[in-house]
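Naming follows writing order (A, B, C and D), and every chain is counted from residue 1.
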Amino acid sequence: MDTNIANSNLKSEDYFINMGPQHPATHGVLRLLLTIDGEIIKKVEPDLGYIHRSIEKMCERDSYQQIVHLTDRMDYLSSHINNEAVCLTVENALEIEVPERVKVIRTIIGELTRLASHQLWWGVMGMDVGALTTYFYGFRDRELINDIFEETCGARLTMNYNIPGGLMFDIHPNFVKRTKDFIAHFKTKLPEYDRLLTGNVIFQKRMKGVGILTKEDAISFGATGPVGRGSGFSCDVRKHHPYSALDKVTFKETLRTEGDSLARYEVRIQEMWESMSIIEQLIDNIPEGDFKVATNAVIKLPKGEFYQKVETARGELGVYVVSTGTKNPYRLKFRSPGFSNLSLLNHIAVGGKIGDLVASMATLDIVVPDIDR
Amino acid sequence: MNITLSITKNIHNWLFSIMPEGIASIAEMVLIAVVYLAIFAVAGLYLVLLERKVAAWFQLRIGPNRVGYWGLLQTMADALKLVSKELTGTVKADKFLYNLAPYFVIVTALMALAVFPFTQEFQAFDINIGVLFLLAISSIGVIGILLGGWSSNNKFALIGAMRSGVQTISYELSVGLSILTMVLISGSLQLSEIVEVQKNGWLIVQGHIPAVIAFMIFMIAGTAETNRAPFDLVEAESELGAGFHTEYSGMKFAYFFLAEFINMFIIAAIGTTLFFGGWLSPFGITESIPWLGVFWFVGKTLILVFLMMWFRWTFPRLRIDQLLTLEWKYLLPLNLLNIVLMALIVWLNLTIQF
Amino acid sequence: MDLTKDYKTEFMTNEGLQNLISNWIPDLEFTEEGSQFLNITVKPDQLYQLMSQLKTNNEANFDYLFCLSGVDWGKELGVVYHLESTTHRHTIVVKVKTEDRENPTFDTVSDIWFTADFHEREVFDFFGIIFNNHPNLKRLFLTEDWDGFPLRKDYVDEINMVIK
Amino acid sequence: MSYFGNIYRGIKTLLTGMSVTGKYFLTSRKGAITQQYPDNRDTLKMFDRFRGEVVMPHDEVNEHRCTGCQKCEIACPNGSIEIIWDRQVDPETGKKKKMIDQHIYHLGMCTMCGLCIEACPTDAIKWAQNFENSVYDRSYLTKVLNKPGSKVKAGIED
């Protein structure tokens, strides 16, 4: 059929569609150039840069304390973990040992961040496949985490709670109680997520076998986080290169072998359970001690190159610092998970329908500022 | 022209007494049209409000509560806003078809309303092929959507329109066949007579198993026919932006929007008439007060409307191929089986009669 | 499928890796100074050969390119590749440099690791480094008509850049 | 028979989903999570640490704690803080001393990172919880934190 049309003398053109930069499913200002044949996707070409702020160039001008707050604006849903990545880089380079208390608090808030990010993703995921109510249920639970952040860190999204050497201030007295309350609340709500969306026959049909990514391709594309793990690529930085207090807790790295959208979806749902378990292991025994160690007012990293990776809600965030021994980094590169994950969109979407593209893009969980750093 | 308009005998007689026959019947038709238009424009707006309130309650929200007491004037304000908005369009749009499309949709939606018996006397248009008329009218609406999507010269709109064509044509079969199942048991195409038949028990009770199956198929197909979630591929917000009405603004958009809600009301009204006894009260408890029929009719219809809203705010959207799979592989074969079953039941006199 | 198999370690120390890799190509520079990983500096014309061997060799098996960054070292422009093996869990850094600032050119590795496709476009966008045989080398973030390469050290934009 | 089994299982999952939303529908009266802003402005209380804007507290005799050391200005990543200072003769000691003329804060450029408040050695500036910062003109967002005629509290040295 196809070849007949191709061989005929009829003049035919590809049908281009501009999805975005303002489009409900592209979660921000991502623009996708689609070539389609009826409903079938023939090619997806992302066009980036609509909100590029050149954070890497700005970092070359800022001091190490100031860099931290810029990372809030990259992947704003894992802002705490991004902050942590920069702080860990600086602390490792200076060979500062931060107090146990700091490590534990960082880990707890990091996991709360992951939970909040996955809750938002779940809500938006449902919306992308057309179930609008999930959005509000996801946000209801995320609001509680945001309240915890606001009370302790002073901000709900761009928290900037980490500084090189520790934390900006100690946790709020209510922190432990609020966190426990939240865990107790969310344990009753997470099964509801499954009942509402996961089990739904329409949802299952929409997700199963859609956007398949094999393990080899996942590794080759550098797909990390739930995207990689949904394909069976064991890429959890928390497991392989534990940082902060993550070496003291036991948790399971969720791995699935199917590599389809449903696998990526279920990895995230499972990760929420694991994150809650990590928080539960730590919340009752936050060690006493200082919340920061004194650093010089002007931090100068020794000459050399430093690399630190952490696991954000989206995957592996790498911070690569080239230092010449001055108070500014000579070159600072963020290896952001969203960037690599987006690059495989064309690979998994070709041959599917427009609805499949939206569904698999939602399971990639793209945050555009993370890509347009 | 000898159509019986039986809405109120008094006005009919009065009009015919003061005017010659031809003018009087035209005047009566215009009068009734204006009354229907006014009632259903307002009713449509309140359906929108109901949808928004119901959605809010499903979603842990409060819903519109600023304009008027309890937000009751919210959709009125929206309509005023839409009327006062500029009508925009694309440069290369096919202007004639582009402007025509919304009227197709809204006119067919309003026309279908004419044949419903809201209560014994309250029916504009009691034709003996009422059910057939409904099916015919409801299939014209899709032409408006196709025209709108095609003439907008917008790629998203075109995809939406093509989806709409595929979807509506497929699901009309199921709507038609499930209605046919009920016609088998009622033995008439005239809506007022279908209601009369149900004085011995609503058809969903009379026809028991096949009627329940027919009702389920009718609700699914009816939801699809009105392009509502989970079958809202035509609009598919997260895929196509706004689908076929992407390029419409102001009042033309409002026509599409209103038509969607009136269509939803029509599907629910057909369901009420065919399955739940129309304006008949349960067990005849208010038979002595005829005008309460309107209350029962609207009440039953709203319950079905609520069911469709419940679907919408719970389920994810189907994909286009799954939509067709559902119709051609599940609903249609089941429907055909169901007709045979119903025919057997009617033939062997296994219906339940009170 | 046994997922725990991934954890089996045939981890190679930096010396082991150095011994292994130095057999393939002569005159590679190895250093561990000022970095937590083993650094290899390779000449541009040997880059592709080294990279494909790093991926395909069973003992090395660096199948995961986790970071690809362009760096402007002042006089030289270069690219730094961070590689990890998902089976053996060892890490290596490969650097390639050129002094040609007008027309810096390296071979692409996007056919070895698919992720390099986007990363190399990013490097091209910000450093102006051209990758031979890249399937789709054009600006990724910036507009097609952008003048200059912003992350180079000699880039000046007096209007938009705030210098402290 | 798996054909009918599929239909049965499918409908069951759909009804499960509807039961979840249905439950919330029935309890919607007390379950609403909407914040009725601005109706609840009287009862709305922000958390103590909430970062709304930077302010400089003054005591009742119009004295603040800012010595004009400019550490906040250096710490700020965006240049949101500008300090205009002067060396003036301290009337008490008779020595020349660095005094602020204006502590200018550009709220429109501030990213609420909190580094200035961390850097301040004399706790002269702190966070206020006011979050209603929208104004009709951008220039209103540039604020002078020290009040007119105010001076530094005696005995505060950096």
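Heads up, the rule we're going with is that a residue touches a chain if its C-beta (ideal position, glycine included) is under 8 Å from a C-beta of that chain, and two chains touch if they have at least 3 such contacts.
Model, not experiment: these values are computed from the prediction.
The chains touching subunit C as well as subunit D are A. Averaging Cα atoms per chain gives one point for each, and the point farthest from that of subunit C is the centre of B. The interface with the greater count of contacting C-beta pairs, when B-D is set against A-C, is A-C. Subunit B and subunit D have Cα centroids lying 52 Å from one another.
Annotation: 24 Å between the Cα-based centres of subunit A and subunit C. Measuring from the averaged C-alpha position of subunit A to that of subunit D gives a distance of 26 Å.
Separation between the centroids of subunit B and subunit C, computed from CA atoms only, is 63 Å.
Shown for subunit D are the residues in touch with two or more other chains, namely 14, 17, 20-21, 33.
Multi-chain contact residues of subunit A (touching two or more other chains): 62, 133, 136, 140, 196-197, 200, 202.
Counting partners per residue, subunit C has 162, 164 as the residues that reach two or more other chains.
Across the whole structure, chains are in contact as follows: A-B, A-C, A-D, B-D.
On the subunit A side of its complex with subunit C, the touching residues are 48-49, 52, 54, 56-57, 61-62, 217, 219-222, 224, 232-235, 240, 255, 257, 302-307, 309, 316, 318, 320, 322, 331, 333, 335, 339-340, 342-344, 347, 372.
Residues of subunit A that touch subunit D in their complex: 62, 65-66, 68-70, 72-73, 133, 136, 139-140, 143, 147, 150-155, 158, 160, 163, 168-169, 172, 192, 195-197, 199-202, 204, 297. Listing the residues of subunit A that touch subunit B in their complex gives 15-17, 23-25, 39, 126-133, 135-137, 140, 196-197, 200, 202-203, 205-206, 353-356, 358. By the touch rule above, subunit D contacts subunit B in their complex via residues 7, 14, 17-18, 20-22, 24-25, 28, 31-34, 36. Contact residues on subunit C toward subunit A in their complex (touch as defined above): 1, 3, 6-7, 33-37, 39, 63-67, 69, 71-72, 80, 82, 86, 89, 93, 113-115, 117-119, 122, 126, 140-143, 150-151, 161-164.
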